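Here's a structure for you.
First chain written, first letter: the chains are A, B, C, D and E, and each begins at residue 1.
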Amino acid sequence: MDLLQYDFLQRALIAAAVVGLVTPLIGVFLVQRRLALLGDGMGHVALAGVGLAFLFGTAPVPTALVAAACGAVIIELIRAKSRTAGDLALALIFYGGIAGGVLFTSLAGGRSSAALNQYLFGSLSTVSATDLVWLGVVAVIVLVVLAVFGRDIFVLALDPDLARTQGIRTTATSMLLTVLAALAVVIGMRTVGLLLVSAIMIVPVAAAQQLSRSFRGTAALGVVVGELSAVLGLVASFQLDVPPGPAIVVLALLFFGACAAVAVPLRRRRSRRVAAARPAVLHEEVAA
Amino acid sequence: GSGTGSTGQAADGKPQVVAAFYPLEWAAEQVGGDLVDVTSLTAPGAEPHDLELTPQQVAAVSDADLVLYISEFQPAVDDAVAQNADSAVDVAADLEHLAAEAHSHEGEEGGDHAEEASYDPHVWLDPTNMAAIVTLVGEKLGAADPANASTYTANAEKAVAELGTLDAEWKAGTATCTNRDLVVSHEAFGYLAKRYGFEQVGVSGLSPEAEPSPARIAEVADFVRANGVTTIYFETLVDPKVAETVAAETGATTAVLDPLEGLAEGSSEDYLSVMRTNLETVKAGQGCS
Amino acid sequence: MTHDHPHATADTDPTAVFAVSRACVTFDGECVVDEVDLVIRAGEVVAVLGENGAGKSTLVRAMLGLTPLSHGGVRVHGVPVEQFRDWDRVGYVPQRLLSAGAVPTSVHEVVESALWGPRRRFGRTRRSPDVERALRAVGLWDRRDDRMDTLSGGQQRRVLIARALATGADTFVLDEPTAGIDADSSARLAATLGELAASGATIIVVTHELGIIAPIVTRALVLGRGDHGSVRYDGPPRREELAHHHAWHHSEELAPAEAPPAPVTLLEP
Amino acid sequence: MDLLQYDFLQRALIAAAVVGLVTPLIGVFLVQRRLALLGDGMGHVALAGVGLAFLFGTAPVPTALVAAACGAVIIELIRAKSRTAGDLALALIFYGGIAGGVLFTSLAGGRSSAALNQYLFGSLSTVSATDLVWLGVVAVIVLVVLAVFGRDIFVLALDPDLARTQGIRTTATSMLLTVLAALAVVIGMRTVGLLLVSAIMIVPVAAAQQLSRSFRGTAALGVVVGELSAVLGLVASFQLDVPPGPAIVVLALLFFGACAAVAVPLRRRRSRRVAAARPAVLHEEVAA
Amino acid sequence: MTHDHPHATADTDPTAVFAVSRACVTFDGECVVDEVDLVIRAGEVVAVLGENGAGKSTLVRAMLGLTPLSHGGVRVHGVPVEQFRDWDRVGYVPQRLLSAGAVPTSVHEVVESALWGPRRRFGRTRRSPDVERALRAVGLWDRRDDRMDTLSGGQQRRVLIARALATGADTFVLDEPTAGIDADSSARLAATLGELAASGATIIVVTHELGIIAPIVTRALVLGRGDHGSVRYDGPPRREELAHHHAWHHSEELAPAEAPPAPVTLLEP
């Protein structure tokens, strides 16, 4: 069967390519800041937002976006103001999101979570043209923000004190990253699905860092792995008649396994070369 | 075990009936009228990941004189019933012909995208099944409250008659349909399709985690094109995106077919009126003029 | 090469690089830095001495705005530190090594990152001669592509020193830069700092071993719990006074009287 | 209404008390090892296990347990063998669990996740006597294992090198913790629900560490907060007619907020006392 | 107070505390520790010297079984290190400070935890006199209830030293214990190590500043890249040889010829 014969598959392919390109670029910062599960956490907070929308009769998707952004800000505030590690702050928001979602809907008169979900869950196979526009807008926002502030975020993740003595506003900068991730996750879950967007943020980065010796290298390789997983995973899901989200994620996990497996021999080989090129370490240059 | 507080009659002396979700609530109301208090657990299906009953609901289940539910439809209700209610009635299991139908249903669709449980629990979408349920409720209420047994029986018969009318309307309304393929985004309409001579073609399940496979969508799209299907149905409580995708792919239109797992808040509809709306939808969508 | 009398008021001095006035830092209700008045002028090389926990790191962090003051104030180049924006004039080496990040980071990236920040957002830094010069100054240019977390402890500290050097700043705050660093590298650092000082840079070095940097130090600051705030001594680095103020070996209880463990580094067997 | 009039509420009360007592004791180690979201992750792996059970026709709950235990082991292996941080290893397992669950069920013939869930999700209001027995057994196992190996786990979390030079087998010990947590989560989700068991593991610990200056203190205070949240939350859920799981979690989060809010003034006050008691620091004792 | 000739085969020596034979550690294909043969006997006090990256930490970690050898072997008290079980005889101070845990941990708990492990699972350790003695030896007994991460860098290292002392071991491996530690505390540590040595303990100290511990050192080991494996020098701590082997100040390029920066610690102005 020819894949591109179907419009919906063309759209799915474009969406997968965009997600595979953009999300690992956010993910590499999230991994460095030890917020690898932020994606799923934001998903749950967005659900709580929909619950709130039911309760107060506001529009669900914007409320969800606002809730996720607030969740992102709260994570950073908890981190900054109290002695709480990043993953722990995330866990608080995560469980708070689930509990809040159930409570609010229960208070709003017992609508089930299925009702919540319809406002939030997309799937690669059902991406509409409007969805593509949304994805594109968010992708551009993400790329622009990272181009401008990515270096600041990197320095911050390296060491907050060093960042501050370079004039970087630490709390604002880390909020920027988290809010950006929240935005990407909420739009992504609405269009291509939560599993896909939150996992493709992280898994390719985990694969890339097995082989890489630098942050830039990790980001670049992460994008490659993300792209490959997204496109090949979509094709495979069509061939094997399985849902595309999980297929892509499983493929990315296979990439991770492969990278981890080759990491050891590769490291060995690479450095034999380096060792050969560097006969007397630390002795060739003297003080400048 | 059963609740120690299961004293039978509540403060106002009326029998307490707890229905798991809307169609059963409707049945109990039709049969019980003003003689019973009917409450609904109104937690329609879906992600029990976060679905829990409140302790007061469980208390209501354990105190009730009659609990109406369908097993394997709502796990939380199953649990509550298993421990707390002597007076629970699984309306699907207690009716042998329904169970048998369910099994044959599984046999014919086995391996496909149909089941949420070991059988299709959406029995209430066939008015004749609903009639059987109403009759059963009449019997059970009569047993629980023998003083009013005859009223219950009379009420049940009246409701069965209304359901008969509904069935007749459906039969007549769908007799002339040019298209017999009912393409739905969630396969809740198996019994209905079978009764009125349609073939249900499902696109996917309803859960966010069970996203449809692209191959399946392509297959349905091909089917829609090949069979001249003009309308894809989605249900009220579930994301219409799947239906919309197939519709956009094929040039068909979408329409809402309500599976009646619950009523919208503040709705003045009831089982009969929703089923009649469904009938109009199907008539328009399947070319039954 | 002047220095202020301790406890001088400092707010008004226009030539001060750092002007600390009546600064207190309180942790958990306890004054760690207590009523410090201090002016550091351009071109000074200040050694900050004192026992562990004397508040050396806390003081320099407060001077950089990293630790909030409970009262008092700090001015950097005349501007309150909270409003100071010329951070590219300052190079800082923290006392602690970077914690191993979850994502691999190369030595070059760590040093290069010194050139990033609000003021220099779009410049290319990968081929910056500053980075190369700084890495060569600490003898680690050939390790530039290695992962930071595969370096030895001393090498990692040297990378952090290179990072401060790469900024091209004129003010350096180094918190125990020579701890865990070998003799060669210390000497090289001392030479580099000497050059910087000669070119007019202001340098603040927190240290426990004045040793190799002693020749370039123009002023010593001894911190500790005292009667009049945290500054026990502020003046030229004279042996007796520092010894008197606990900043250097004087451990009578442990060493034989009048023969403190010879500062000679090795035994003659 | 009198709460204890109902058998099911008595059982719920007992279950809540057991969960509030035992899970924070696991949680304090998980938080220290930066696995704060392990609970939810194990839940998803268990779901993948049920998917596998559908595929191969095995018994769902035991398969889920085995899958969760394997997931726990894999997390530790990924950590030990490749350069992957704890939270990242957890994220891999987490997304792998979701993707695997969906794929397996899709391959097994498209049963929806509702079918998965019924094998795994319990709820405090519907705890049976058998569930209580299971909970009790797991609680005893957890308490015994922690009594015997808790100190080893602590040393390991402090520093793996130090642990090894004390003769502690590091990989085995950390697997022990993770498998123990997986066991508690799977049994817990089957009986009292995933949200409750995984959140009560973590949130009270986060609250406790705001006020505490020691590990023991954090564990003890965590148990107190856990117990209070569980019991009071259950009572509140009955009064307010909301589901008990989210009510308990929200209460625990309120405790966290309260602890974080009082932490600053309390620290200030406490230490003024210490300062008074310690006039000349570091000078009263000379070498031993 | 004897020492072995370098490159002696060591496997068979029954009195050896550590017997390292032809040990190599390879990171990323590069030999960091190369063909090391070494026997350390009970009662020796060995200083391990060498420039940053010479492999000092790697060697002692390999001796403790923390870093796997690519070939060769290590025996501890006659048992291959992988099978060694008497770990309560060994006290180790790592080079890096503990990373701040997510859960608060008190100083007392950190030190106390030295007494835990497979051999001593159920004893009470909260009132152990060992813990108190060790914390007093580093002058931090009054900080015992404070959170570890609120201590200054030097204080944290002293807690780690206390942790090693509290084990009651007879073998100590200290990786740069005096880096970042004040003079008083160093002197105190030297005194404590002297006592331990006098009582027959075996001590291995990795360091860049022999300074205050010089009097008790019986043997020096200089590591570095050489022609015959990593050990450049193994013998009594004699000044000239160490200087020759790069382990101590000899930086001709930087210091004025024939007048190396005086090891005197302070300037006379």
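Side notes on the structure shown:
Everything that follows uses one rule, which is that a residue touches a chain if its C-beta (ideal position, glycine included) is under 8 Å from a C-beta of that chain, and two chains touch if they have at least 3 such contacts.
Keep in mind that this is a model prediction, so the values were computed, not measured.
Counting only chains that touch, the fewest steps needed to get from chain A to chain C is 1. Here C-D and D-E were compared by C-beta pairs in contact; the pair with more is D-E.
Put simply, the chain farthest from chain C by mean CA position is B.
The chain with its Cα centre farthest from the Cα centre of chain E is B. Look at where the CA atoms of chain C average out and do the same for chain E: the two points lie 27 Å apart. In terms of their C-alpha centroids, the spacing between chain C and chain D amounts to 43 Å. Separation between the centroids of chain A and chain B, computed from CA atoms only, is 39 Å. Shared interface positions of chain E, i.e. residues touching 2 or more other chains, are given as 27-28, 51-53, 99, 102, 104, 188, 191, 254.
Contact of a single residue of chain A with at least two other chains is seen at positions 31, 34, 36, 83, 85, 87-88, 98, 102, 106, 195, 209, 242-243, 245, 281-282, 286-287. Under the contact definition stated at the top, the residues of chain B that touch 2 or more other chains are 45-47, 49-52, 54, 206-207, 209-211, 213. Shown are all chain pairs that touch, namely A-B, A-C, A-D, A-E, B-D, C-D, C-E, D-E. Those residues of chain A that touch chain E in the complex are listed here as 83, 85, 87-88, 267-272, 274-275, 280-282, 286-287.
Contacts from chain E toward chain D in the complex involve residues 61, 64-66, 85, 87-88, 90, 92, 94, 98-99, 101-106, 108-110, 113-114, 116-119, 121, 133, 136-137, 139-142, 145-147, 163, 188, 191-192. Residues 1, 5-9, 12, 98, 101-102, 105-106, 109-115, 117-118, 121-126, 128-129, 193-195, 234, 237-238, 241-246 of chain D are the ones touching chain B in the complex. Contact residues of chain D toward chain E in the complex are 28, 31-32, 34, 36, 148, 151-152, 154-155, 157-159, 161-162, 164-168, 205, 209, 212-218, 278, 281-282, 284-288. Taken together, the chain B residues at the contact with chain D in this complex read 1-5, 45-59, 62, 72, 75-76, 78-80, 82-84, 110-117, 205-207, 209-211, 213.
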